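A, B, C, D and E are the chain letters, set down in written order, and residue numbers restart from 1 in every chain.
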Amino acid sequence: MQIAKVRGTVVSTQKEPNLGGVKFLLVQLLDEEGSPLPVYEVAADKVGAGVGEWVLISRGSGSRNVEGHRDRPIDASVVAIIDTVTVDNQRLYDKGTQW
Amino acid sequence: MQIAKVRGTVVSTQKEPNLGGVKFLLVQLLDEEGSPLPVYEVAADKVGAGVGEWVLISRGSGSRNVEGHRDRPIDASVVAIIDTVTVDNQRLYDKGTQW
Amino acid sequence: MQIAKVRGTVVSTQKEPNLGGVKFLLVQLLDEEGSPLPVYEVAADKVGAGVGEWVLISRGSGSRNVEGHRDRPIDASVVAIIDTVTVDNQRLYDKGTQW
Amino acid sequence: MQIAKVRGTVVSTQKEPNLGGVKFLLVQLLDEEGSPLPVYEVAADKVGAGVGEWVLISRGSGSRNVEGHRDRPIDASVVAIIDTVTVDNQRLYDKGTQW
Amino acid sequence: MQIAKVRGTVVSTQKEPNLGGVKFLLVQLLDEEGSPLPVYEVAADKVGAGVGEWVLISRGSGSRNVEGHRDRPIDASVVAIIDTVTVDNQRLYDKGTQW
């Protein structure tokens, strides 16, 4: 999985029928220091992440191991809202302290 | 998924039999500012996207979760025509205003 | 899928038993202007592509959605010989005019 | 698989229900000389790897071929703690000598 | 598939139970001129490749289409020992002449 920050949304009316009701978030991937990478994903979201939050992104077939998404044509999902990231025994991110 | 702009078409007569009737679009991937990336895909299209439109591209096994495409040898599909993209609370793209 | 140009062949005698009878082509990926990318694939071929021809390459699990290849340990296939590529309303490639 | 070094942990409370009980490690990928690559993964861990250890990372659908993880939305797992890496007949890493 | 050269081995005792008995080779990927790329894989091997030999590497789900490996958490396999590689009608590699 990759760490990413929620930046926005993508909306579509004309689409594959089995994408109906899926919420798409635009998330920016972060490196292991918490800095933005030049890589984004448009990821399906069912955990209810909000703009600015750090999330875990799962890509590929694993992104569809989410209830109701198994047969959808998606390749990226928000699977968790991150509470804390600890690297080299230091706290890189703590949701509670409003990074 | 990735955001892409439709730029053209690819046509083939001599191909795997189970690719019959599939329409292939050449799409250019865009970054999170809407600028073209040096990456393209030849993607199967069933949503009817036209040249110049912004679309969502699904890649890998998810690209075949489209009716009639499950057993085809494809690895990328246009799964949605984008209406709007919003990043950092600003409208990056709005189909209605003819970007 | 990606556009590629056939450049050669790879031959092997000592291999996984279920690769028996598979023909392997070395193909060079092309960018959306038709220039070679620094990326190649060794792709299984059943459509009968020849050196110099432009082809469509499917990678990953989709590459095995080809009759007789579903259980083989391959991750890339030639799935079509390209007739024409049109980008921004201009003909980038036409097999008939011997690019 | 890729060689990586365990650097930390990622903790989440609000997540997909079928991620419950999964331990996530942040691992830094290493190149074939043992130097860190600018690539990390947040990988599920069931082998009990600790910070500083070298591990093998499996990505994609293979990462879920681990007991209890088959239906989870994960795309990377720690599948082994490395004892030794030998390259060009030289020992690059030996867990016993505390690299 | 990608062309690679066998450079070494990776050994592990503490690992996922279903990795028992799998031999792991460290292979360096080669470009289409035969020069090493800055990319390696730790690949499962059942064909018996030796250090210095050129091999074909299959990655992703295809790497598990090998007898006895279908349910293992691996994402790369050596699937063939290469005899010859021919590019632009020239012999790039011939195992018989001890490249």
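Everything that follows uses one rule, which is that a residue touches a chain if its C-beta (ideal position, glycine included) is under 8 Å from a C-beta of that chain, and two chains touch if they have at least 3 such contacts.
All values reported here derive from a predicted model rather than from experimental measurement.
A.B. asks: Give the chains in contact with both subunit D and subunit E, ordered by label.
C.D. replies: For subunit D paired with subunit E, there are no chains in contact with each.
A.B. asks: Just how far, in Å, is the C-alpha centre of subunit D from the one of subunit A?
C.D. replies: Spacing between the chain centres: roughly 21 Å.
A.B. asks: Can you check how far apart subunit A and subunit E are, centre to centre, with Cα atoms defining each centre and the answer in Å?
C.D. replies: So the centre of subunit A lies 33 Å away from the centre of subunit E.
A.B. asks: Tell me, which residues of subunit A touch at least two other chains?
C.D. replies: 60-61, 63-64, in rising order.
A.B. asks: Going by the touch rule set out above, what shape does the chain contact graph take here: line, ring, star, complete or other?
C.D. replies: Contact map by chain: ring.
A.B. asks: Could you give the sequence of chains met when travelling the ring from subunit A by way of subunit B?
C.D. replies: A, B, C, E, D
A.B. asks: What does subunit E use to touch subunit D in their complex?
C.D. replies: Touch residues, subunit E against subunit D: 7-19, 24, 26, 28, 38, 40-43, 51, 60-61, 63-64, 71-76.
A.B. asks: Could you list, by residue number, the parts of subunit A that touch subunit D in their complex?
C.D. replies: 1-3, 31-32, 46-48, 56, 58-67, 77, 79-89, 92
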